[in-house]
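To keep things simple, chains are lettered A, B, C and D as they appear, and every chain counts its residues starting from 1.
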Amino acid sequence: MLRFALIGAGRIGKMHANHIASNDKCVLEVVYDLNTKASKEIANKHNCNIAKSAKEAILNKNIDVVYITSATSTHIEYILLAAKSGKSIFCEKPIDLDILKVDKCRKELKKYNVPIHIGFNRRFDLSHKSAKEAKDSGEIGNLEMIIITSRDPRPSTLSYHKYSGGIFKDMTIHDFDLACFILGNDPIIEISVYGGNLFSSTIKKINDLDTAMIIMKSKSGVLCHINNSRHAAYGYDQRLEIFGSKGMVISNNKSSSSLKKYNKNFTNANYPFYDFFIERYEQAYKDQLENFAQCLINHKPTSVNFEDGRNALIIANAAYKALSLNKSIKIKYN
Amino acid sequence: MLRFALIGAGRIGKMHANHIASNDKCVLEVVYDLNTKASKEIANKHNCNIAKSAKEAILNKNIDVVYITSATSTHIEYILLAAKSGKSIFCEKPIDLDILKVDKCRKELKKYNVPIHIGFNRRFDLSHKSAKEAKDSGEIGNLEMIIITSRDPRPSTLSYHKYSGGIFKDMTIHDFDLACFILGNDPIIEISVYGGNLFSSTIKKINDLDTAMIIMKSKSGVLCHINNSRHAAYGYDQRLEIFGSKGMVISNNKSSSSLKKYNKNFTNANYPFYDFFIERYEQAYKDQLENFAQCLINHKPTSVNFEDGRNALIIANAAYKALSLNKSIKIKYN
Amino acid sequence: MLRFALIGAGRIGKMHANHIASNDKCVLEVVYDLNTKASKEIANKHNCNIAKSAKEAILNKNIDVVYITSATSTHIEYILLAAKSGKSIFCEKPIDLDILKVDKCRKELKKYNVPIHIGFNRRFDLSHKSAKEAKDSGEIGNLEMIIITSRDPRPSTLSYHKYSGGIFKDMTIHDFDLACFILGNDPIIEISVYGGNLFSSTIKKINDLDTAMIIMKSKSGVLCHINNSRHAAYGYDQRLEIFGSKGMVISNNKSSSSLKKYNKNFTNANYPFYDFFIERYEQAYKDQLENFAQCLINHKPTSVNFEDGRNALIIANAAYKALSLNKSIKIKYN
Amino acid sequence: MLRFALIGAGRIGKMHANHIASNDKCVLEVVYDLNTKASKEIANKHNCNIAKSAKEAILNKNIDVVYITSATSTHIEYILLAAKSGKSIFCEKPIDLDILKVDKCRKELKKYNVPIHIGFNRRFDLSHKSAKEAKDSGEIGNLEMIIITSRDPRPSTLSYHKYSGGIFKDMTIHDFDLACFILGNDPIIEISVYGGNLFSSTIKKINDLDTAMIIMKSKSGVLCHINNSRHAAYGYDQRLEIFGSKGMVISNNKSSSSLKKYNKNFTNANYPFYDFFIERYEQAYKDQLENFAQCLINHKPTSVNFEDGRNALIIANAAYKALSLNKSIKIKYN
């Protein structure tokens, strides 16, 4: 059994706590959050301890794993604390919004040989994962194009958007990682971007975009397109299309019901898609935890590592540069 | 080139005239209809002659084929006239509503060795046909079940229903033939029926049904289900499902547009299906004519023959018997 | 919190134990199974007590609910024991295979005013349930036809089939109940049946069917069709179509992945459906428990009661009679 | 009746001749082609005259319309000849590969007040057209994104590619026009491009691309993506997605058969899509002719005019510039 310290008891923290509780390889030992009420709630439900500080939770001798779901700005501090005390680490994305801090952390981390997993959960979605398998097995021949459609159902709160790092670091970063996941050893080396403020004056005021279109090129020449919107009337839109010399696979949207309606106005109408990521990626979150636990137990490298988290951030930075210079930007990773 | 006499210039006759004109193996030589205006219209459009009587058209020495699309009650007379004069025959379904007349015609026809094709056009629908091919190729293993959904968009006129022979001889007869087509050499030997008057008081008044459900069994044990309705709010509903030991194929509905709509109420919504048989089975009508022409030119037996037309009528008669006796009825074909 | 005694720790018992554990209104207090190893496993995982007998578990003063998932032949005994001790009851379907025993139990039960829920879980499937809602809301107009396709992926073990009560009491009983659920206050009053032994010599030897087709009529005239097979190469096939004067809804199949494949042979190809009922109806099982718990807590009648269980058995008996007499059978419920 | 001179009797010319023949507002009067055999074939089939030169055909006093389907390099000469003699003009796309020639022709044309239609047939595809209608009716709210997927089933001959003007002037030009069609009065003002030579060494040798990805921005800020490939294993891939504040519509692919297959490997598998444009856009070609004829008869402006043809070419030129400079290019139309 792996024993977990959960740092962060917000909405996402609660979700992770439930997934830990229902996984037969994991036990929640201790929880910490600045918000005492939130940590108490989790402690009561899952019968675990409450730490008085993040440090206390992380240094707890009974735990094997530090599960970091606190505010982004605290990630690096907790990662390093956990690493120094020899704990395995699960950290929600992004590592940090500042590549300089990430690079410093990266250098530091090399001193400690601890497993670290960055929470790019979409890699574990059964449909996206089988798309990757179709590519790796040769089923679609040589990969030639990747098209990612990724639209939130609606904007979040203003305070969220103010500190999220902007659309590319907060939202598109998942799509950058998904593209990297499909590409495998073939890095993205070039990016062009168009952005838009098409519907949200709130997002415009804080100098962020509500809509974006991106094209990218990999080292081997694969072309990638990503389109993002901060709203979608019909629910959370998450599609991945990969096209190759022998065929194509599309990881399509999902909804809770398989009902189809037929009347004088339309036929085959399905229900709106899952509302948002917690429902849409529930299976992915669970399987990510299971995969992480298996890697630890079997002493195998984690499936999504620090480099993956850093690479996605580097691409996000290049996206901002491409946007401001209005031209194609080359991407370097060292 | 095959030269055609068209007997019947109503709505279906006009459609056939257009298909003859656009087929490169066929020419329309002469047309006849009681309604002089209707035959003139066709003659003008397709630059063909007008006969003063059906007999004159059928005996015309320039023609190879008599194409019978006149009222059902005239079919047998014209079939025999054409047969006696050595012409090839295409006759719309049904041959006649009365099995005794059909049997008499059958006996008579044996004296003349002329090709005859009965117009069960659905056998030539590309989707239904590929269902049949999937069965014949062994792709679905041993055939075990057939499920046919067949619903008209709306009832026809009262005068139509009065003389149509009732739902089983007019509408379900297509479905009986489709089941026979899929089954091939394995005849339907038993039938049970439930009928309903669920929405049309007009149809009820003339002692016909507006809704029906049927189960049938073939000699080898294949089970078949047919459901019929005289209305469907979402358009003409024509589905064929065949299920076997290795899999299933479904010949699904079709619509003119491939547009899909997504909004806050639904996703993936398609347009209503084709309104009715002329649009839905346009390709089938054209391919039926092409197939008939090819059989004549290559001196091969017609694909849908007099026996097929008679068998479907025998099953329709059994359906009425099963309905009135409220029990399972054995079917015999001799 | 509702405290549960679980009677039966087999495969289905384990599944129910997990669902009880993850429901925030329920606690598993005690478990009993003839097989001591099985009950120990559940007790260890969920930290509950083990009873030495079913009686001990049922009479346990700490419990509110008896959850019966033991062998069918024991259901009535445990139902009555629980009723006498004033416990609420959840009993897996069927109540019993013998209508005489069920009727005796029914009479007895009337003495005790305890809530009882019969486990027809499919009523709680989100898609089937929204089909029912579409009917109740008037969205499809007057209900005219119900078509249920229900095919297992493969036969079970011989020993299972020997004691299951046969296809109508074991498998079709779910479909009978689903039809009753959709029909609401409009009882099924007539049934015709064709059966087949199309692929399994094992099932034939024990005088059971591997394939069946049924048509039924409700009091108001709604026509229903059910088709069953004990195998389906492409996975567990569970479809419900309801057709009315204003439209149609179809509760369609589900699979774990939304991947679609395109190559030179085919397009839009999805993954096989969920393998079987535990995966396919996981959400339904969970929501059934939640609904049951809510009814108890709010002192509302259970959603699926003893009468529902009895009605489905009466229809199954009529199906056997229709099969053996090869005619339409009237159904009475008193 | 409109009387047509057809200039060009190649594969596309033959197709147009058939569509003219089956349209009840049109008659084919005369045909001309350098290849005498080709024009004879059409003349025989459709019973029309053969001209000895394009000039003779165009100046023919019996004709109303000059239908230009000859080699691209001859388009402008025939357009001007037809304009001078006061004939209405239908010209296949592109007008010419050279914008200077097009501008000269444009200036010249202004002297003659003749109707001219440029053959961007996709605007008349029922599905694409209903996407446009969904946008114009406000059904999807404010337009925010357009995504066009356009992939040929396979490259054409080397000689075709050598003189086609390259991927942007030959293939993408249809997609540029489709984007303009959806956008209406909102011109595309900026473009970025990535190209690839991912599979065809033949195409690479002649300095053309086999794969391309494009992002564009309209004056109002709408973002557009186009992806192109010169091959697609699963058939001709033609999709149009438009996304707005209230929803989305997708004009999806089409195939000749609606058959769906289910087996142990997959479910819902459809047939490959229509092989190529002649089958896929048959309805669009017919409706384009009908629309053109109606505009002439009712003295209304043509639906796709010279400016539309010129605009698409200007965007194609900008695409080449964006590719060579590897940056975002502003587009001007005067």
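Heads up, the rule we're going with is that a contact is a pair of C-beta atoms (placed from the backbone, for glycine too) under 8 Å apart; a residue touches a chain by one contact, two chains touch by 3 or more.
Please read all numbers here as calculations on a predicted model, not as lab measurements.
A.B. asks: Consider the two chain pairs B-D and A-B; indicate the one with the greater count of contacting C-beta pairs.
C.D. replies: Of the two interfaces, A-B and B-D, more C-beta pairs touch across B-D.
A.B. asks: Farthest chain from subunit D, going by the mean of C-alpha atoms per chain?
C.D. replies: So the farthest one, by centre of C-alpha atoms, is C.
A.B. asks: Calculate how many whole Å lie between the centre of subunit B and the centre of subunit D, each centre taken as the average of the chain's C-alpha atoms.
C.D. replies: About 39 Å, centre to centre.
A.B. asks: From the mean C-alpha coordinate of subunit A to that of subunit B, what's the distance rounded to whole Å?
C.D. replies: 57
A.B. asks: Going by the contact rule already set, what residues in subunit C reach two or more other chains?
C.D. replies: Within subunit C, the residues that touch at least two other chains are 233-234, 246-248, 253, 261-264, 271.
A.B. asks: Contact residues on subunit D for subunit B in the complex?
C.D. replies: 22, 24, 126-127, 130-131, 134, 139-140, 246-254, 256-264, 271, 283
A.B. asks: Would you tell me which residues of subunit D are touching subunit A in their complex?
C.D. replies: Going through subunit D, the ones touching subunit A are 141-142, 144-145, 147, 149, 151, 190, 192, 194, 196-199, 211-217, 221-225, 227, 229, 231-234, 237, 243, 245-248, 326-328.
A.B. asks: Mind pulling up the subunit B residues that touch subunit A in the complex?
C.D. replies: Touching subunit A from subunit B are residues 233-235, 253, 255, 261-273.
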